[in-house]
Amino acid sequence: MGNCSQGCQHYFCRPKNTNVRVSLPAVCFVWQVAMIILFGVFVRYDKEADAHWSETKKEENITSNVENDFYYRYPSFQDVHVMIFVGFGFLMTFLKRYSFGGVGFNFLIAAFGLQWALLMQGWFHSLDPVTGYIYIGIENLINADFCVAGCLIAFGALLGKVSPVQLMVMTLFGVTLYAVEEYIILNLLHAIDAGGSMVIHIFGAYYGLTISWVLYRPNLHQSKRLHGSVYHSDVFAMIGTLFLWMYWPSFNSAICYHGDGQHRAAINTYLSLAASVLTTFAISSLSAKRGKLDMVHIQNATLAGGVAMGTAAEFMIQPYGALIVGFCCGIVSTFGYLVLTPFMEKCLKIQDTCGIHNLHAMPGVLGGVVGAITAATASNAVYSPEGLINTFDFQGNFATRSVTTQGAYQAAAMCVALIFGIGGGALVGLILRFPIWGDAEDDNCFDDEVYWELPEDEESIPPILEYNNHMVTKNPDICESNFSVDQS
Amino acid sequence: MGNCSQGCQHYFCRPKNTNVRVSLPAVCFVWQVAMIILFGVFVRYDKEADAHWSETKKEENITSNVENDFYYRYPSFQDVHVMIFVGFGFLMTFLKRYSFGGVGFNFLIAAFGLQWALLMQGWFHSLDPVTGYIYIGIENLINADFCVAGCLIAFGALLGKVSPVQLMVMTLFGVTLYAVEEYIILNLLHAIDAGGSMVIHIFGAYYGLTISWVLYRPNLHQSKRLHGSVYHSDVFAMIGTLFLWMYWPSFNSAICYHGDGQHRAAINTYLSLAASVLTTFAISSLSAKRGKLDMVHIQNATLAGGVAMGTAAEFMIQPYGALIVGFCCGIVSTFGYLVLTPFMEKCLKIQDTCGIHNLHAMPGVLGGVVGAITAATASNAVYSPEGLINTFDFQGNFATRSVTTQGAYQAAAMCVALIFGIGGGALVGLILRFPIWGDAEDDNCFDDEVYWELPEDEESIPPILEYNNHMVTKNPDICESNFSVDQS
Amino acid sequence: MGNCSQGCQHYFCRPKNTNVRVSLPAVCFVWQVAMIILFGVFVRYDKEADAHWSETKKEENITSNVENDFYYRYPSFQDVHVMIFVGFGFLMTFLKRYSFGGVGFNFLIAAFGLQWALLMQGWFHSLDPVTGYIYIGIENLINADFCVAGCLIAFGALLGKVSPVQLMVMTLFGVTLYAVEEYIILNLLHAIDAGGSMVIHIFGAYYGLTISWVLYRPNLHQSKRLHGSVYHSDVFAMIGTLFLWMYWPSFNSAICYHGDGQHRAAINTYLSLAASVLTTFAISSLSAKRGKLDMVHIQNATLAGGVAMGTAAEFMIQPYGALIVGFCCGIVSTFGYLVLTPFMEKCLKIQDTCGIHNLHAMPGVLGGVVGAITAATASNAVYSPEGLINTFDFQGNFATRSVTTQGAYQAAAMCVALIFGIGGGALVGLILRFPIWGDAEDDNCFDDEVYWELPEDEESIPPILEYNNHMVTKNPDICESNFSVDQS
């Protein structure tokens, strides 16, 4: 390894066709230039971010600065932003030798994805037919982060098995599909999905799982030595877990409109998450010899409660309803890690590195079902007439829609998300199978060595230094020791 | 170890009675089910989180959405939430082989504790006598996090020596005691304690210390090999330290009511924390051979300034007053680590893993004293008549109370916290001594091996893989090296 | 080493004159006491944080509590606070054996610097000529954090080569110089620099680089063995990178005044940062054999987009303008790491540990230039007359200033920052060359061993324990292994 990192040419040391020196920079440059051009043609500040705001305020008789949408949404936006980059990023550092790839590629595709998402979502939601401009404000930034989340979920299934170029392509298509799916679900079907159980989690999870199925690696067991964690990599992953867990109430409430809606969404999510922690610990302990807990479950299944509260976040399901949702999710998700993931890999040929089927797919479906049922059973008594209109946005073309119909459309929305995820995943999977993307061999997966310059090991100290290096001269084994950590 | 984790049955490798496979899941399930039932019977959304809010607003002539309490308190709530889960959690990862337990069990008991706290605190503070319901909003979530903080402080004294089941029991009683103590201090005595120097820190610390005293382990030195940190575990602990330090101004200001109160509490805490950092570094350096700094002091004593500003957070102690408080706390707390902790373990038979006596107990008492004095010396000149009423909430039954009386009640409140901490701790300690909780032997403490599936070491690679594994075949010592990190 | 930490006296083991046992505590105590006295004489709460606020509100007919500046700025303040302590702190943990020093000394000088900054900035900005008091509120806390950021940038160039005492001195002078420079730039020249491309980044970077030049260590190569990262230290550094990256929109928008200004600054920074990520990955891959990415680039150059948006943050440069700025910065900054840093060390005798010239100096200059140009080309059409006045604060003495003149003053401001950085750095560098500050020898740099008690290694377990220690008795190599990590 020490040698490899310095370009050893032994047969075994020469990884094949994983050279991305041309493709990765090309993709990054071309797409970033395209972004600049498209933003130049289409994107401008929305009125609340434009310097004309001071005049707009006069026209609209707005007196207080705090009326600017920025002050309502910015704190939640920052929480969501942390979930995207630190939450997802560090959750994927759990592999012993793929921490650079986990947090680094997450960083890359998120930074690209959010630019593309601003455009795609803008075309569908914020395009002004008169001027032909997309006007962006804080809410667009939040929605872009949401869109990116869908692709990062898919990344979880592919972690360690694909090249950064493939991830960029996966993100390009993923964001595009997401924007269309989101438009159909939120605008055409007029389904409610504040926290994206369907739009984000079902779509993202099945998108990633289908790609992983198409890219099935029969000999992945040859990388088994690296397909696990070490002590400290599991602690790093807990950073991601906790920031996702803590900020999930912001995720589910970020784009709820009304004071009480955001307030309620935060409470529901907070409670649901708390409940899923307890059932996760329970099942994890119950399933193991001598009741020993498994870090994989704690890192992932504890979050299922937040996923499942996405759709019904601002509904009046009452605190105990949120607890029940979290209770079930913790159980379902942990069982998934115990039973389904091995089964899917063995029988369905789906290799799901992070177990997104357990953390996002199943809880997402559960969340969609809960949302459909609670919507269908909503009533004026519980919501108050005005509250019902606010919560389900029964206005304009949808002023006359009944809650039962709404429930049906919620269910339909779930199917749309599923279809887009599976259909889109199959398509993109085929594209990613072209042998041009520089992915690694089956015996070389989950290894940062392939795409990253890893830190040098101590052996490369010039002998002359050893003389001044009293530490090393005193205990020679330190070389090995630093070296050892170096490799970890 | 490799073998042990695969259930080796050598005499020495068979830890005794630490099997929590029945007890832990049972406790988690039963209590979570109980939560669901109790929430179903008692808990509803408060008016600002209820869908009827849009009607309530009309009745109360509230025009702006931002008037919803959610927008005042949510950012501070999220900061406190981060302190509870990442702050306390990572602060307890400093042990070389107990990082999983530190952050993992912190996660478990916090998630359970906050549900129980919502109920217990609700019964005392938010129960509507007419409907019999507890109405919860954002402020209840903050208070639940505060309540949990008390139990997490106690956890600090027990870290590595108790089983997760014992921690759940400790939390159940701790939250209950906290709710009663809080009611007596804030409602009956009408003491002011915005940041909880007394309610949270004194109670939590003496609760934990007393339990630790009752559970004294005479042969704990047999686990001495694991009772210390490694380089990277100390860096992980700094994550906890910094998030606690940075967000402490939010902790102390989160439930202050008035614009100026929250504003002042944040400034005071910010300054007090800054001062305690300098004196901590000073004493730590002064006390060591060649002035070398000790990470234990930096990780803990730097936070003492925030603890001590809890009670007087919103008082007019002026910026220099806050600096003086922080100045003293840094010194006292660091001396505690140098002198008191060893003394307490040797002479008082109190084994305090994280040194909570230095970080929470002493600064908490200091904070209580500062609060009592500054309250007793408050004046209309300094606060303005209205400001005095707002700050000390001299309304209703307490409209006629003098500041001198208030000072006396503040002192009384400190005694109440102390009594509840010691009394409750003794009781709970006795309960935790029953031999049914699955705690480890004295020679097996501070070891994640007991309750966690630790990552496999490299030795378990099937030989057949070694052939494909050029890395291993090239430098055989990598096995050992990864292995080594594995064990670290 | 194991021995050294127990005070071995072999010739080689006795580091020279690095004993800070007297100097460090002395400096901390004296300066903290000075702070208390000066705060006592000069500093009071501003009206929005004072208990008289409730009366002030009446006088000023303020009805809503949320009008208090606290609610506008506190969320951004907390984000900035996280950047200062976790962002900068963890960014500097990348060295394999200097993580304690990176995060620990960052903590120390930031905590001291912000107190001194409150005073110095207060004297220039918030001093009431009538009462002679400095009135501080949330905005002063944000500005103090900004000021500290300048010194932490300078710390980046000195990392591992200076003693904590030298850092304290560097901070004392740095904050003082910063306050004067800030006053000249913002008040006298009336330049706009919301995110501090010039005031913070140009000044801080050249201040640190000049000091590093004066303190040039010809034999630093003797510490080469420690002048690099290990796998996990690079992951720790990513924590710092991501929190800086995510919260940079708050940094650049924190002290913008108007709803639309803050809103726009956040959008511009968000986009600029996203673009610099892609170009950083592109150049990093393009420059390496087989296209392998370099963690040093990802950790640093990805942030350049935020630095360069500092000055023009609230200008109407349009989203595509922000993308162009980020696009260029990612390229320039990464090239800096590839070409300039080695060149500067070899030819200019400037040893820049963290490469602040690439991350702060060059992007800062770019940001200043962008600011000057965009200011000179501003127009009523783009900003609206009132918007132009709000954005550039054309009021009072500056009511008649033209945008062209403003552009010229922006350019002048850049020169002022440069002059203060280089001049101040030369002066302070000479002071730091006195042989009294306890800095380490050339062969002993980048080593926590010098100023920190490092965790004990396993070898120091008393033999008697080994008997109970079945783990160790079973696999003796664990001693070495833990030991090894211990040293890492």
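As written, the chains take the letters A, B and C, and residue 1 is the first residue of each chain.
Keep in mind that, in the parts below, contacts are C-beta pairs under 8 Å (C-beta built on N, C-alpha and C of every residue); 3 or more make two chains touch, one makes a residue touch a chain.
Which protein is which chain? UniProt says A, B, C = Ammonium transporter AmtB-like domain-containing protein.
Bear in mind that the values here come from a model prediction, so they are computed numbers and not experimental data.
Of all residue numbers used at the contact between subunit B and subunit C, under half are used by both chains, marking a mostly different-residue interface. The rotation relating subunit A to subunit C, fitted on Cα atoms, comes to 120°, given as a multiple of 5.
Averaged C-alpha coordinates put the centre of subunit B at 30 Å from the centre of subunit C. Subunit B has residues 64, 66-67, 71, 75, 232, 239, 480-481, 484-488 in contact with two or more other chains. Listed in rising order, the residues of subunit A touching subunit B in the complex are 1-4, 10, 12-13, 64, 66-67, 71-72, 75-76, 79, 96, 221-222, 224-225, 228-235, 238-239, 242-243, 245-247, 249-250, 258-260, 262-264, 266-267, 270-271, 273-275, 277-279, 281-283, 285-286, 288-295, 298, 302, 316, 318-320, 323-324, 327, 382-384, 386-388, 390-391, 443, 449, 480-481, 483-488. Contacts from subunit A toward subunit C in the complex involve residues 7, 18-25, 28-29, 31-33, 35-37, 39-40, 43-45, 48-55, 57, 64-71, 74-75, 78, 81-82, 85-86, 89-90, 93, 97, 99-100, 103-104, 107-108, 111-112, 114-115, 118, 136-138, 141, 164, 232, 236, 239, 451-456, 458, 461-462, 465, 468-475, 477-478, 480-482, 484-488.
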